[in-house]
Structure formats: C-alpha cells, structure tokens
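Below are two complexes that have chain A in common, paired first with chain B and then with chain C.
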Partner chain A sequence: MADVVAIGEEHAAGGLNIHPMDQFIIYPLFGDGGVGMFTVTNATLWMAIIVLCVVLLLITGMRGRNVVPSRAQSIAELAYGFVYKMIEDVSGKEGLRYFPYIMTLFMFITLANFLALIPASFSVTAHIAVTAVLALAVFVTVTVLGFVKNGASFLGLFWVSSAPLVLRPILAVIELISYFVRPVSHSIRLAGNIMAGHAVLKVFAGFAGALGLFAFIPVLAITAIYALEVLVAFIQAYVFTILTCVYLKDALHPHH
Partner chain B sequence: METEEILVAPGGELVEIVEVPQGAEAVGMPQLDFSTYPNQIFWLIVALVAIYLILSRVALPRIGAVLAERQGSITNDIASAEELKLKAHQSEAAYDKALADARAEAGRIVAENKAEMQAQIQAAMERADADIAEQSAESEARINEIRAGAMDAVQEVARDTAIAIVAAFGGRDDTAQVHAAVDDRLKGAER
Partner chain C sequence: MEGEIIAYADLGKFIGAGLAAIGSGAAAIGVGHVAGNFLAGALRNPSAAAAQTATLFIGIAFAEALGIFSFLVALLLMFAV
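This part shows the complex of A and B:
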C-alpha cells in the first residue's frame, strides 16, 4: 500500500518508473471494450489454462493406468493421496464424501499459484474477488451442511460446554464472531500472500532496471524471493485446503 | 477502462486521477476495481464447475481405481509371499521329518543287524562248543577204551607169567587157581 503512494511520488519526480500493480489489471483479450460479465479477459485465459493443466495432469497423466506409475502419474497420484489423506486425517471418514469438492479447490488454487509464477503470467488467486468466492463457497457449504447434518444442535459449536457456565455466553459471542470472520481471513490470506509476493517481485525488477551495473543485486533478491514464492504458492494452497477440512470437520462434528 | 476515475486507495484516502494513460497502468489496486468482479466471478464459477466435473466424473475414480488396484496387487503379493514362506516352512519341516525318519530307520537296521549277527555268533559259538564237547567225550571214550585194553593185556601177561612161574617152581598145573589168584591181586592193586 505504501508502494502505491511511493510510486506515485516517484512517478511525479520522473525517476523510477515502477508499476507493481499493473500485473493484476484485468483487460479484455479481444477488442478494447469494457470488462463485461461474459467478456473473455486475461483472467478467463488463465483460468482456462488451469482447467487445461488439471486435464493434462489428472487425465492425460493417468492415461497409462500403470501399476508402476510414470512420472506424471506419480504426480497425479501424489496430489490425490495428499488431499485424500488430509481429509481423512482432519475431517474423518465422513469427510471423504466431499473429496471431489475439496480436490477441486486444491487443484485450482495450487495450479493458479504455480502458473502465476511464470513470468508475464496473470495471478488469478491474487484477486480478492476470486478468493472471496472460493472462501464464501466453503463457508456457505459448510454452514448449510452443518445444519442439514446436525439440525439445531449445530449451534452447539458456539456453546462451549467445557467452559464455566458464566463464561459461556461471552464465549458464544466470540465464537460467533470468529465463525463469521472465517471467510474473510480465509480469502484475504490467500489473495494477500500471492499479491504481495508478486508486487515485491515487480518492485525489485523495477530497481534492476534503474540500477544499471548494480542490477545484479535486485536480480539476486528476485531469485531469492522467487524461491520463497514457490514455497508460498504451495503453502497457501495447502493452508486453504486444510482450513476447508477443518471447517468441514466442524460441520460434521460440531461438538468440541 | 475509463479515462477518468476515482479510486479508493487501500490506505483509505481518495486518490484523484486526472489522466490514466490508455492501456494498462493500474492506479491503486486492480483487485478493488469492482467493475471486473462479475466477470471474474462468472469465469471462476465456470472454471470450478469444469474442474469439479472433470475430477468427479473422470479423474478421481480413475486414480482411485489405479491406487486400489496397486494396493490389491501389493496385498496379493504379500499374501502369496506369506503363503510361499509357509510352504517353505512346511517343506523344511517335512525334510527334517524325513531326515529324522531315515536316521531312525538306519538306527533300527543297524540294531537289527547287530542283533542278528550276535545271534549268529552265539549260534556258531554254541555249535563249536557242542563240537568240542562231543570230540572231547569221544576222546575220553577212546582213552578209557585204550586204558581198558591195557588192563586186559596186563592181566593176560600177569596170568601167563604167573603160570610160567608156577610151572618153573614145579608146582601143579592148576590154571584156574592161578587165574583167580592173579585177578584177586590185580583187583587189590586197582583199588
């Protein structure tokens, strides 16, 4: 955020010309019109690439169906086993009914995060609109599921029966607030991490352009940050998925 | 994108932009440009539904089947290995048993042969003993016979000598009396 102001100043002074947020602009791929609901934009393109990658990895990669897997098949099986085991460990056996749903989220976010690391690509998950929809989908699903599975006793989630009776109403208010903050933190954590990382990369790239001979310093910094971003790309997808599993567990077993 | 717009910077202050160069230069955060939201949300839902259908219809059942198959074949392999191990143990036990049986059989045969040989030796020795006893009895008989013959010869010679002596002394030729006297004396010597 400070970048924005600082860059505005630099821009006015005519010095550094860094636009770290430009990479997040959404524009129509065809024509110059505005961005309507059904316009094919760069976001559309990269989401399509994500879907394509899912097909390539999980269908084309599994084409052999070998008992001894090929490389692509190993990756597909690894992703499958990773999410499957996560749901089993965190949400329990009943959670496995929602495996395709959680796998969809995991594959989408992981691939979006990694594809965004390709230079000149577009980061879908850096957009709060995208992550908010993902998080709200989880929130709504889990809440509806909680009431369908447990009826009114789902509200027991907010009534901490292990606490002293006097504290319970206060805790109930806190639990209620924290419950409704879940989608906010869930979505902003992902978008914020991805956006910040990419903006920092762009800022350092701008420095490299301005420093001439000393450009190797920001280039080294970019290399280091890029490595960190690779880590963040996976960790954020993992965090998003595991939190989904935790919320799912709360819906299936609301009692602490 | 509008050429003139007012954006709310994340810091909260209003930033007024007079000229936004046409093309792509973001002012503030493009993430907060609400005009793109319907578009993003629409395409996101399309992408998610597509991925969900791909995963739930094709990809996940297929991967699950492959993993189950592998698990199955691993389990089978382990089971058959277990079975083979059991068989090996059984064969070993059978081998050991056969070996023990063979040893026992050999022991039995050895003992049998020994007993038989013992019996044969016993029999041979008995036979030899019997032969020896027989021969010694025979020898004894012959010795007795010879001794008896010698006695008779002595008696004969004694009688003849006694008769000759009696005749030389001019006694009466009373043969019967002489014989009786000689026999009497011989019996006394034998005694």
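This part shows the complex of A and C:
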C-alpha cells in the first residue's frame, strides 16, 4: 500500500489526475499514525455501517410482523426466503441447520458490495484481507464439520470411487490440491471482482478529466459500467454464498 | 548501468502485466461458453432451465476464478513487485 500512496502523491502534483487504486487506501480515522492491529480506520467505520444496516433491515424492518409487509419487511422476507431456498436446493435439508451463518455471510457481503457503490464510500470487500477472513472461516468451519460429522470417511471426498482404480491416486492428488485452493479462489473472486469494477470506474473518470469537451463519452460509459457494477455486486454476493452451500454439501455428504 | 537495469526491470514488469491480462480474455471466453451453452439448453427445454440457474452461476464462478487470478498477477506486477 505504501507504493500506492507514493504513486498517488506523484500524480496529484500534476493537476487533476485520478489514480484508480487510490480509493482502496486504508487510513486511520483519528490522528495520523500508522495503521496497527486495533486502529480505527475507514474500513472499520464502513464495516460498522454495514452491520448497522443489516441490523436495521432485519430487526427493525421485521418489528411490525405485518401480514401485508411494509417495504423494509418485504425486502427482509425476500432475503430470508432467497437464502433459505438456496441452502435447501444446494446442501439439502441438513444444511438448513447452518442457515444463520450463511444468512449472515450473505447479508454482510451484499450490503458491503452495495454500500461500496455509493460515491465516496469505501469498498470493504475489495480488500483481500477482508474476503480472505470470510473465506478462511468458511473453509475451517466446513473442514471441521466434515470430520465431526463423518469421521475419517470424510477423506472419501478425495477418493473418487466412480473412477477406474488406476486413476484414483492421481485424482486424489488433484482433488486434494483443488480442496486447498478453495479458500484462495473463494476470497480472490469476490475481492478481485469488486476491486476491478471500482478501478475501471476510476479509470474512466480519469478519461473524463483528460478529454475536456468530449467528457460526456466517458461519463456515459461510467453510467453503463455503474449499472453493470450494481449487477456484479449482487451476483458476487450470491456466488460467494452459493459456493459456501456447495462446500457445506461436500462436508455433509462427502461421497462422490 | 545500475539505472539501466532498474529500467529493464520496470519494462519487464509492464510487459508481464500486459501478458497476464491475456488471461482475462481467456476467462471471458470461458464465461461466454458457459452462458451460451446454458442458453442453448434452456431454449430447448425452458421448463428445466429455472432449476439450473444455480449450476449456471457456479460454472461461471469457476470459469471466472482463473481469469481473476491472472488479473491479480497483473496487479501484483504493477503495484507490489
């Protein structure tokens, strides 16, 4: 990140120049010391805002418990039903025991992605540090759960019994590698998509500054990309959640 | 002499980042393949399509993951190395 700061300052000296990666810089909110383990930063602030929004939507939104739902209540019911059906479809009935965890993940990531689209806000999920914690939590939970539920037969996940016997050791190695790459791809997919989207918006914003009279062309392009980013924000939250369901299904039913 | 070596290292970084960006194009081909085949199948049997959207998104996610890896390599070359 120090490099990014240096590049940003370098560019700022030359007039209106937007560096696409400047928006991801983490800085302390109070004072101007370094960022330590417990420093309150802009990332902390935005994560608190996200949690607050989830609580507002799900708890105060559902307070009325009306038969004809209010707007907030219908959104909360929609989200609940969406996640419930996703778990039921992908991981089966037993997966529903882990509904609270997956619902928490879904609401946090969706709200983080949507709030990051507000201009001048901060995209928490664009940081691999954040998504890696989420993905590692899923990975550890699912692995421990698999061993608790199935004992040693959880290792049957790597022993593809439908393949010819000669191929099975080779497939076991491949399956093992792909199992351990899961948290990597799980976290980088979310962070990479959000980071790339926001960086593209800033790159086009830079074009608008450079083109002068023809600035309306990149502004139109930004509008279109912004609409795409709204879609991507939801799809990436959905993909993260549904992959969690797939991993959960593997833990509950490890046999191929 | 030393400055020249550093300049060549920068050159290599930028060429490497550009080469890594090819991977994004490859991922785009993969995602298009998944979505196109889904559409082809869905138009043949529209009643079965709705049940398979989850599979569609999982397939897109897996195809896209490797493109994101190459994007990450490009970013690392540009800003971290």
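Methods note: the second predicted complex is superposed on the first by the 240 of 256 C-alpha atoms of A that agree within 3 Å, B and C clash if a C-alpha of one lies under 4 Å from a C-alpha of the other, contacts with A are read in each partner's own complex, and residues count from 1 in each chain.
Assume a contact is a pair of C-beta atoms (placed from the backbone, for glycine too) under 8 Å apart; a residue touches a chain by one contact, two chains touch by 3 or more.
Everything numeric in this text was worked out from a predicted model, so none of it was measured.
Engineer: Between chain B and chain C, whom does A:246 touch in the aligned arrangement: first, second, both, or neither?
Structural biologist: In the superposed model, A:246 contacts chain C only, not chain B.
Engineer: State whether A:185 touches chain B only (first), chain C only (second), both chains, or neither.
Structural biologist: In the superposed model, A:185 contacts chain C only, not chain B.
Engineer: Which holds for A:194: it touches chain B only (first), chain C only (second), both, or neither?
Structural biologist: It touches nothing on chain B or chain C.
Engineer: Touching A:90 in the superposition: chain B (first), chain C (second), both, neither?
Structural biologist: second
Engineer: After lining up the shared chain so the two structures overlap, which partner does A:37 touch, if you call chain B first and chain C second: first, second, both or neither?
Structural biologist: After superposition on chain A, A:37 lies in contact with chain B alone.
Engineer: Report for A:238: first if it touches chain B alone, second if chain C alone, otherwise both or neither.
Structural biologist: It touches chain C, and chain B stays clear.
Engineer: Identify the partner contact of A:21: answer first if only chain B is touched, second if only chain C is, both if each is, neither if none is.
Structural biologist: Once the two structures are laid over each other on A, A:21 reaches both partners.
Engineer: Tell me the contact category for A:135 with respect to chain B and chain C: first, second, both or neither.
Structural biologist: Neither chain B nor chain C is touched by A:135.
Engineer: Just which bits of chain A does chain B share with chain C as contact spots?
Structural biologist: Touching chain B and chain C on chain A: residues 4, 21, 195.
Engineer: List the residues on chain B that touch chain A in their complex, please.
Structural biologist: Residues in contact with chain A: 1, 9-11, 15, 24-33, 35-48, 50-52, 54-56, 58-60, 62-67, 69-70, 73.
Engineer: Going by the contact rule at the top, pick out the chain A residues touching chain B in the complex.
Structural biologist: These residues of chain A touch chain B: 1, 4-5, 8, 19, 21-22, 24-27, 34-39, 41, 43-44, 47-48, 50-51, 54-55, 58-59, 62, 65-67, 69, 73, 76-77, 80-81, 99-101, 103-104, 107-108, 124, 126-130, 133-134, 137, 191, 195.
Engineer: Going by the contact rule set out above, which residues of chain C touch chain A in the complex?
Structural biologist: So the residues of chain C touching chain A come out as 54, 57-58, 60-61, 64-65, 68-69, 71-72, 75, 79-80.
Engineer: Which residues of chain A touch chain C in their complex?
Structural biologist: 3-4, 7, 21, 86, 89-90, 185, 188-189, 192-193, 195-196, 235, 238-239, 242-243, 246
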